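What follows is a pair of complexes built around chain A, which joins chain B in one and chain C in the other.
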Partner chain A sequence: MMTKDDLLKLVGDAMTKGFAVFAPVRQEGGLLLARTEDPGSIDLDHVLTVNTLKDVMLPRCETLVRFDLEKPGVTRVEEDAGRVLVFGSRPCDAAGLDILDSILIDQVRDERYAGRRARTVIMSLACSIFDEACFCASMGYGPHDATGSDVLVLPSGDRYILRAITEKGQGFLDELGVPAEAEAEPDKPPELERTVDISRIKEWLDSNFDSPKWKTVSDNCVSCGTCFYLCPTCHCFDIIDEAGISRGERNRIWDCCSFSGFTKMAAHQPRVGRPARYRQRVMHKFKYTVDNVDKTACVGDGRCIRHCPYGVDICEILNALVGEG
Partner chain B sequence: MTSDRENALKQKVRELITGGDPDLIVGYGKTYAGDGVRPLFVRTASDADRLVWNDGCVHNLSTYLMREPCLEHIRKGGRVGIVAKGCDVRAILTLIQEKQIKRDSVHIIGVTCDGVRDTDGAEIQVKCRACPWQVPSVYDDLIGDEAEVRPIEGDPLEDIKTIEALPQGERWRFWTDALSRCIKCYACRQACPLCYCRECITEKSRPQWIEKAPSLRGNLAYHFIRAMHLAGRCISCGECSRACPVDIPVDRLTRYLSGTVEEAFGYRPGVDPDEEPFFVTFADDDPEDFIR
Partner chain C sequence: MDEDLVPQTVRVEAIRQETPDVRSLRLVFEDPEFGREFSFQPGQFCLISVYGVGEAVFCISSPPAWKDFIEVSVKEAGKVTAAIHDLDVGDRVGFRGPYGNSFPYETMQGRTIVFVGGGIGLAPLRPLIWQTLSDRAKFKDIHIIYGARTVKDIVYKEELAEWQKRDDVKLVKTVDPGGEDETWDGEVGLVPSVLEEVNPPADSLLVTCGPPVMIKFTYVSANKLGFKPSDVITTLEMKMKCGVGLCGRCNIGSRYVCTDGPVFNFEEILSLPDEF
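Moving on to the complex of A and B:
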């Protein structure tokens, strides 16, 4: 059992041992999961950060190679191989990593992603609070779910229980000198208000690619990338060359199925119009990923609902798709 | 009274939709879970019963005019109804001025406004202060009583003046700090009723004019180009900043530039639908000779 101060001290110790620490920090742009060097800046009293663990594992922009006309050839940009600790992210975000692992490690090995995963310890903080957009339980997870975490921190009264979930997590606790102790009883996980039944959605999507429902179900969507960019599991990316007169770099950046240029090829755009692009989003999460890796690419963190400027609600849309009419 | 306006609005929209012209109306409804406000597409009389009107009706619904399903509807010769506050009407009039839609294609259901707020408990938006458009300037139907409108106090430019007052270096730091947060989700562009280019310069890849990467350099390029493109066009609805997930006050750039155009040329967008837009006209007696 640890107090909040003990926990923050542990994070400070990890910093001393050379871990680069990412944690929820209140900044100008809201509550963000960001690099911090001050354990005192960490905020533990919130529902969710605006951004997700994806920002750490699959950054929104990473330079892959650099090129220079004066020195023909390309230089691979290697990353800092130091160890990383993510502290205080939520179970839903960690569950998102479990899905990304299946896609970016098991299915096709993405070396950069796999490398970051291997040297990062995920220390999730189980939830005691939630809001009206949270629906992790409906997706098979829950406020105290351990999927994807290396260490799970569970609240117990005004103290915290540390539970090693993986060998890496146990190794981390050992290294930091956290003694093993008889486990106390954690608080009961809160019961979420929002539920959605996804049991029929896969079957419906399998046979309704051309359903007229797609036309109106996303009326409210204005095709921005907020839901994608704040989603813990969306992982489509674009590779772009950005060059000056003699030097340049090749970057990998996030891409998004809402955008009109998404999947546009030399002669053809297979997804014209917002309804077709919104369908891609639903299909990718609730059908294609299920077909490919046997997981639904949604963890019920609710950010797409919480942050949509125009009130698009994925639960409502899933209900409307499988419902009558 | 808010509820009076809501009832009058429901009744009017029901009447219009039952009459079949327009047969698609965009208004405000409740969020799926909870009492928040979001846009609502009305196609039937029972949809009309779900309309709301309160101070959470912050969205500028005219942004839907230039996208599906409204645009499709207009192209087929249909008319689209829009529930609009005075500020929103200015966006509709700008679209008309810029010949994107015809006045006849849109049925403006203007609503008198006492100011709006982003979320429950938030303050009335800065843009609403000293608003001269509490009664919309142009409408087909008006909901609410002009006589009951009470002025909203305050300085609508306060946030811009705060930045303007900073020394140059700090101003630069303010914007580089803010724009380095940008994740290039393009919510600002998509929310903007006047960012209607069919292909945005950010999407051009042959040649690629600006950096696509969400790096500070790429972000500055995107936001500065967008701001320049909205100079003398921005009608200060603030939707770009409201839509931003990382709270970048991008509207201060576009509002500032519209202020600059107004100061230099006495032009305000979206006031008179028959007026030529600022960028397509010049005066014979313009003091600058490069333009002649």
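Moving on to the complex of A and C:
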């Protein structure tokens, strides 16, 4: 059992051992999962950071190659291959990585993502608090779920239990000299207020690509992409060149299926209109990913509900799709 | 498969102006070892990049048997294709590939093959046509139906003439009504109607590519002629960025055109939503 101070000291020790640490810290823009070199800056009394673990594993913008327009060829941009510790992210975010692993490692191996995953230890903090947007339990996870974590930190009164989930997690605890001890009883996970029944949604989506409901459920969406940027599992990207007169770079940047240019080609646009784009988003999460990797691409973290400027609520939409009328 | 999205360098060895807005580029790998090891199958595609402008997807339009180089045929339509049209012989561009599945060459053998191409859509069929002709004895009849908007828009003119001369190929070429000129010796009419006039036997295998609307109506005509959906094969194009199933852009329903395609038969296509 550890106190909060013990935990933060452990994080400090990891820094000393060379881990780059990402943890919840208050910054302009709110509570963010961000790089920190000061364990004292870490905030553990929160429901969720605004951003997700995907910010660490799939950067918003990463340079693939640099080129000199005067010379042939390109230079592959290598990134720092040092070890990373993510501390204090939530179980829903770790579950998001488990889904991304299926898509970005198990099918085709995205070398950069796979490399980052291999050298990163995910030390999740199980939830004792939640808010009205949280619905992880309905998605098959839960406030104390271990999916995707290497180490799970479970609250037990005013102390914490450290549970190694993977070999990598055990290796990390061993390296940091955390003694194995008889495990105490963690607190009971909280019962969430919000629930959604997704048992019928896949079947409905299988046969309702052309439903008129897509128009009504997408009425309030303004295609701003906020839900995409804050989703732990959305991973679509664009590849764009940026160049000056003689030099430039090729960047991989996040891109969103809600944007009208997403599928637009010079002479053809196969997906026209906001309802069709919104349908793609729901289909991708609740049908296509299930078809392809047998997982639903939603972890119930609720960020898309909390942060949508127009109050679009995915749970209400799922209910409306399968409901009468 | 490991993918790092880093391109190889290829050099433009020759440029052929096919039509006012289509050019074919002959490309040679800068790294000779990569060039020697490089292999692909008809139907596969690649990404060509002009550094500083971007990458775009093209089918490899030369057959695998043409060693030491590959060709792509590029219609000027947007930003990257315009930059490709500005290239000169000797310029270097990026190349990634080959990606995607290929035409089911083994299962095509022993049958009558009907190639139906429209405009630049002949490009992905061209390597398959050449491969089929090099194995001519393995096939029954070979029909080629090719249409373009106007006489000026016909690609691979010399090769079409060469195929037309062969007595083991039945070639019909057509232009859309109004696209003919005084020199035109082919048909006048839309590709799907010409297909119906040619009326190939319904147990043939039909391989088609062209603009999306032509592909859809070619299927309607093939269906009318009694073709089974699984005997009508096409190759699709969608906007792609990665080419390898990561970037989430080219899906039709659950299927990704880059990794599950680009070659599909209509039995597969009819099971997908109409979003291509």
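Note that the second predicted complex is superposed on the first by the 323 of 325 C-alpha atoms of A that agree within 3 Å, B and C clash if a C-alpha of one lies under 4 Å from a C-alpha of the other, contacts with A are read in each partner's own complex, and residues count from 1 in each chain.
Operating definition for what follows: a residue touches a chain if its C-beta (ideal position, glycine included) is under 8 Å from a C-beta of that chain, and two chains touch if they have at least 3 such contacts.
Please read all numbers here as calculations on a predicted model, not as lab measurements.
Asker: So in the superposed three-chain picture, is A:His284 touching just chain B, just chain C, both, or none of them (first/second/both/neither)?
Answerer: In the superposed model, A:His284 contacts chain C only, not chain B.
Asker: Once the shared chain is lined up, is A:Asp219 touching chain B (first), chain C (second), both, or neither of them?
Answerer: First partner only.
Asker: Using the touch definition from the top, say if A:Gly40 reaches chain B (first), chain C (second), both or neither.
Answerer: neither
Asker: I'd like to know which partner A:Ser260 touches here: chain B for first, chain C for second, both or neither.
Answerer: First partner only.
Asker: Quick one: classify A:Gly18 as touching chain B (first), chain C (second), both or neither.
Answerer: neither
Asker: Tell me which partner A:Ile240 touches in the superposition: chain B (first), chain C (second), both or neither.
Answerer: both
Asker: With the two structures laid over each other on chain A, which partner does A:Glu316 touch: chain B (first), chain C (second), both, or neither?
Answerer: Touch status of A:Glu316: first partner only.
Asker: Just to be sure I follow: which residues of chain A are touched by chain B in one complex and then by chain C in the other one?
Answerer: 238, 240
Asker: Where on chain A is chain B touching in the complex?
Answerer: 28-30, 32, 50-51, 60-61, 132-133, 193-194, 215-216, 219-220, 222-226, 228-230, 238, 240, 242, 251, 253-254, 256, 259-261, 273-275, 305, 307, 309-311, 313, 315-316
Asker: What residues of chain B sit close enough to touch chain A in their complex?
Answerer: Interface residues on chain B, with respect to chain A: 31-34, 36-39, 41, 59, 63-64, 67-69, 177-178, 181, 183-187, 189-191, 199, 203, 205, 208, 211-215, 218, 239, 242-243, 245-248.
Asker: Mind pulling up the chain A residues that touch chain C in the complex?
Answerer: 64-65, 67, 69, 72-74, 76, 103-104, 107-112, 209-210, 235-241, 243, 248, 250, 252, 255, 257, 262-268, 270-271, 276, 280, 283-284, 287-288, 291-292
Asker: What part of chain C is in contact with chain A in the complex they form?
Answerer: Touch list, chain C to chain A: 1-7, 9, 11, 30, 49, 51-55, 77-79, 81, 92, 94, 211-212, 237-239, 241-242, 244-254, 259, 273, 275-276.
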